[in-house]
Amino acid sequence: MPDRFGYYQNELYLQGYGGTKPPFSTDATKLEDSAAEVLDPEAFSYVAGGAGSGATMRANREAFDRWKLVPRMLTDATERELDTTVLGTAMPAPVLLAPVGVQSIVHPEAESATARAASALGVPMVMSTASSTSIEDVAQASGEGPRWFQLYWPGDPDVCGSILARARAAGFSTLVVTLDTWTLGWRPCDLDAGYLPFLRGLGMAVAFSDPAFRQLLDKPPEQDTPTAVLRWISMITGTDRHWSALPFLREHWDGPIVLKGIQHVDDARRAVDAGMDGIVVSNHGGRQVDGAAASLEVLPEIATAVGDRIEVLFDSGVRTGADVLKALALGAKAVLLGRPYVYGLALGGEDGVRHVLRSVLADLDLTMALSGHRSPADLTAAALRRA
Amino acid sequence: MPDRFGYYQNELYLQGYGGTKPPFSTDATKLEDSAAEVLDPEAFSYVAGGAGSGATMRANREAFDRWKLVPRMLTDATERELDTTVLGTAMPAPVLLAPVGVQSIVHPEAESATARAASALGVPMVMSTASSTSIEDVAQASGEGPRWFQLYWPGDPDVCGSILARARAAGFSTLVVTLDTWTLGWRPCDLDAGYLPFLRGLGMAVAFSDPAFRQLLDKPPEQDTPTAVLRWISMITGTDRHWSALPFLREHWDGPIVLKGIQHVDDARRAVDAGMDGIVVSNHGGRQVDGAAASLEVLPEIATAVGDRIEVLFDSGVRTGADVLKALALGAKAVLLGRPYVYGLALGGEDGVRHVLRSVLADLDLTMALSGHRSPADLTAAALRRA
Amino acid sequence: MPDRFGYYQNELYLQGYGGTKPPFSTDATKLEDSAAEVLDPEAFSYVAGGAGSGATMRANREAFDRWKLVPRMLTDATERELDTTVLGTAMPAPVLLAPVGVQSIVHPEAESATARAASALGVPMVMSTASSTSIEDVAQASGEGPRWFQLYWPGDPDVCGSILARARAAGFSTLVVTLDTWTLGWRPCDLDAGYLPFLRGLGMAVAFSDPAFRQLLDKPPEQDTPTAVLRWISMITGTDRHWSALPFLREHWDGPIVLKGIQHVDDARRAVDAGMDGIVVSNHGGRQVDGAAASLEVLPEIATAVGDRIEVLFDSGVRTGADVLKALALGAKAVLLGRPYVYGLALGGEDGVRHVLRSVLADLDLTMALSGHRSPADLTAAALRRA
Amino acid sequence: MPDRFGYYQNELYLQGYGGTKPPFSTDATKLEDSAAEVLDPEAFSYVAGGAGSGATMRANREAFDRWKLVPRMLTDATERELDTTVLGTAMPAPVLLAPVGVQSIVHPEAESATARAASALGVPMVMSTASSTSIEDVAQASGEGPRWFQLYWPGDPDVCGSILARARAAGFSTLVVTLDTWTLGWRPCDLDAGYLPFLRGLGMAVAFSDPAFRQLLDKPPEQDTPTAVLRWISMITGTDRHWSALPFLREHWDGPIVLKGIQHVDDARRAVDAGMDGIVVSNHGGRQVDGAAASLEVLPEIATAVGDRIEVLFDSGVRTGADVLKALALGAKAVLLGRPYVYGLALGGEDGVRHVLRSVLADLDLTMALSGHRSPADLTAAALRRA
């Protein structure tokens, strides 16, 4: 049924007619407000906050407002086909769940709940290295659902190799390597609260369950967690890699490799030259560099420069169906959705994630329909107008 | 008396001197605030809300602010003639009441009150297919007043033909076909409230009173309303037409036909090629596609492209006399006023609609006068300046 | 003493050191807030409000923000000479008090208090036809101070001639003819309150004391005031003049004539062609046409077009010394200050007007000094930068 | 340890893990709010306020938002070297403490606390002529720390010479001559409060301890302070110098001389021609001229015009690490940080200043790292994008 996403609209109206309102809002802004009410303030700030003065987060949102859709009429867009295939992964719509670590700070079922919700819809989940749940457990929760693995690149090659091997073994098809977070950005909200969940041993499931990492520690799992935490943190942060290091990943991963955090057209070209399979144009949702360009602002020139030599994905600032459509029209093959689904998780676990995801997809489907587009392939910059 | 609209100013001042203030504000923003106080929250949100994040509604308003009037002095604009004729309909000013459905949710007299108010001023009312009042009852309330009929295009040709025939028989002169709402936009306010008035059988008067529709149901009117509602909704929504379907309308309507919802210059050209008589440049007041271009932003290039080969009307975002003047100067032959009169209806029934309409027309008349223009025909882009 | 205006700064600091704070703020925004507290709401709205949605008032302020001063250093601006001569009137700084009618609604001493304050500083006052005080009484209060007369042009030539003759006889040197208010703008604040002070016989002193007007009424002064009011209002409003009517004024006024309300470069050129002596680039402080261009936005092209063939004055939106400086740099010979002094009058009568005027002049003087300019003649567009 | 500044991030997180939050925020906006709570309102307004309507302060902040960083990936920025040398002064990062007078109004230890904090980090402090602490006492508190001296140029040559000689003798290496404050700007906040700390004898330590000034007064120190204050104020304010006066400074200062307050490219060129060693592109944090151009807006053209013929420094509006980076990328060799450290002083004396300084430097270090830059020398306009 090609319009199954848009059908969520009918479902909600019919439930409303029957006296049942949706448990959480269909509006991303209200979701954030609701999440702020139920979450521990530190956890909420960790999720919602950004680098420095928050300028990059604001820029991300403002950039979407500078591009306007120009709907077309009488195009016979009755039947939409939103499905697409990115790097061999078929997905029902050009939307993935962005990698978000340490989801246990917002809900006890954490990444497992997220994986179940994504899987039920067939939407790919990009699992974070900093998950609260092990690779194998996420894979199990994910079931038949498509899954990609995000890497924070550990310094020790054995540990890195071990993690990658486990991810491949667990059915993760594509590797997403985060380039923009080799050290943590300056985040006043978290600093003022003295809050870094990893120091409390949270978000360490991938590491703690890794045999190579355990061997390196040379200690039984039940002992010496603080040491393990610090060892892992030091392995992940503080060291910037160089383009010359990329072959290591290719040696240890036989699937597609995507570089996440590209913001400059020359870096995108270099990713092509390095033989990468994809990039994610992203500023990490404004969490790393304050005062940075909106991710959407740099997307068009990057997409134009690399053409079809590499798959271009996008994240940072996506909140609505129109946002997805705009990113696609400006050259993205698919977009990654981040904070909104985490708010859904906070508010309702698996159900919350599914509600948020269905809402965004319904919004996307209807916005496609009403602007006269039948499939993502129809979308070009001609669908937009610069304000 | 050519300045009868502006005279409402004197009337209000004289009433004030006599101790009587106007029952509702002369300011559209305050009207909305007042309506929010008297209406059921769901009904208010249904009227005031828009698609997605509300970006299109905001864009509509901001677009008016980017064009500035440059008043001319000593032009002898004492005598204004605001009257005009659009597609054979004479009207005292280039303003019509936009089609707004299901007016019973804001006032029990609904479209009849609106029709009486419009008729008293000679302002054309565009009756919605989704009215709470039947075609014949609106016609009766409208009396000698000019009236156009807006069509949500039913899937069944017999039902469509029947409705059009009734509208013609009831003295509706011009057909306005809404293109941008073949499925409903994603509206978080309504979705969060689970509120769609049609599911409650509201706004169904045209359908329920239609013999062809009743015959299709094969049930007596008093039975099975839920089925009728769902049948009607399925007939109206979910199917996008193609340009090739337009001849059907021409076959069933011997008056002028206007396409409403045009936002792209190529669609405007295509309307000309399809032999249509008019278009309404409109984004449905921001209710359908989130993140869309302001209706006023696309007006100038559309007006330029089609020239005088087709009548260009305009709506979306009009709140003040200056807004009307700007749209006219940018190429519209007339504008449709929407939400403000519905707030007037909510606050005071027929009197409220008349007050709002007189206020906008007075504002228009005085703004014409004080910027040095005697008639709509004087208005060109030379009256404006881009900010 | 060339820096006497800036010296007000020292005076205020020394008073503060002695324990005395200024009775009212030196900040125009705070003055408005304070005036809102002491005035009757209707009177405050009448003064502070504007046409329609208030867009023109906002545009006026925003326009100042788009031009930025670029201060120059080490220019030896120790000694400033702010005095100038406009149309034969010497003034200590290029600032006049704009014509504001019906000042009795904010303070019982009304225009007399204003005249005394202006006179004490040598600043020209432009007296309004709609004053609460007669021509002769304002002249007396003004003493040796320079004074100009603003005309709302009465329909009856004898009455008009009589008023002009009285103004000349009373020592008013220059005639300022308001073009933009031959009918009143649409002002929702006042309309909603049903408040027009003139209907209550306020602001009628010039008319009521005029023998030609009294003769026209053919009634003794103590009788039939409502009739007189309506007669006067009908004489002033509703009729737009044409350029061809200007010779009448020249016949009845042997001093300089200035046209107030020019907003289009072609109208400015036409004023030159009509042999006028000056223009005021003005949109009446946003009180007449909603959605109009900022007065400051149209100033540069007008000043460039007319060159030195006519004196160019400016008003609408001036609040600070930097505003004055910007208008001068963009081509104005002098500026008219409006609402701020009325707030001063509301708050403290003559003292209040003097305080506000001294504050603006001190601010101007210091801003001139610190941006490196010794006299208004130094100011060109080179002092500014477009933001 | 090249990343010692960024390490403050770890320190704060580890303290937080141990249960200790930072005493004050790491966010400049929150620091200001906190300072507003602890300070006397007059003192707070004196520090936080600006000239006129505050437009220049707002412009300063908005200008930073118009330039966006475009982070580069995989540049191997692990090891940063932020240290630089400006006019012979080595500093660990291109950041100095801007001259701020009369610090006793926010903390009893005033400039001494500031000097100790700066010295501990090796960051140069620019001591103000208007300090609450004598030259010799600041020098002592500064210890081995680098120190520059800011001059408000006294009218009496002997007093000026004496002060300069004392500063040189006390180890101040570089002279920063403030050009933009030869008279005080119009500051409504302070004027409304009647608050000028100097009139109360505050911020007079340099003058009162100066033998030449005392000799001029011909009175023993314990007598006649009001006279001394007024004499000093009159010596400092009211007289604008000319470029031709600069040789006097060169005669009395054998170290580098920097002109502070340059905002026009021609003045920058003239500083080169006058043989100056450096300039500070600055509008005094918006405290002097209202409605002025943002300091950052004029920086690029000034830096381009003077090239490497003179050292270009920058201040006005710097709040975050990204701000510093942007100013460096647009041509500044180093930036001066003002209000934020004063808020730190207000909140926690020496500790507060150190915390603020470490926060800004950590933010700078991490922003450099994550945008892919290893040293200030790497930064060019290519790191930025105009929004």
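A, B, C and D are the chain letters, set down in written order, and residue numbers restart from 1 in every chain.
Keep this in mind: contacts are C-beta pairs under 8 Å (C-beta built on N, C-alpha and C of every residue); 3 or more make two chains touch, one makes a residue touch a chain.
Chains and their UniProt names: A, B, C, D = Alpha-hydroxyacid dehydrogenase, FMN-dependent L-lactate dehydrogenase.
Small disclaimer: the values here were computed from a predicted structure and weren't measured.
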Least step count from subunit B to subunit D, where 1 means the two chains touch: 2
Equivalent interface positions on subunit A and subunit D, same or different at half: different
Angle, in degrees to the nearest 5, of the Cα rotation that carries subunit A onto subunit B: 90
Computed distance of Cα centres, subunit C from subunit B, in Å: 42
Of subunit D, residues touching subunit A in the complex: 3, 6, 9, 12-17, 19-22, 25-30, 64-65, 67-78, 319-323, 325-326, 362-363, 366-367, 369-372, 385, 387
Subunit C to subunit B touching residues, read off their complex: 51-53, 55, 59, 179-186, 188-196, 199-200, 238-243, 245-246, 259, 261-264, 266-267, 270, 283, 288-294, 297-298
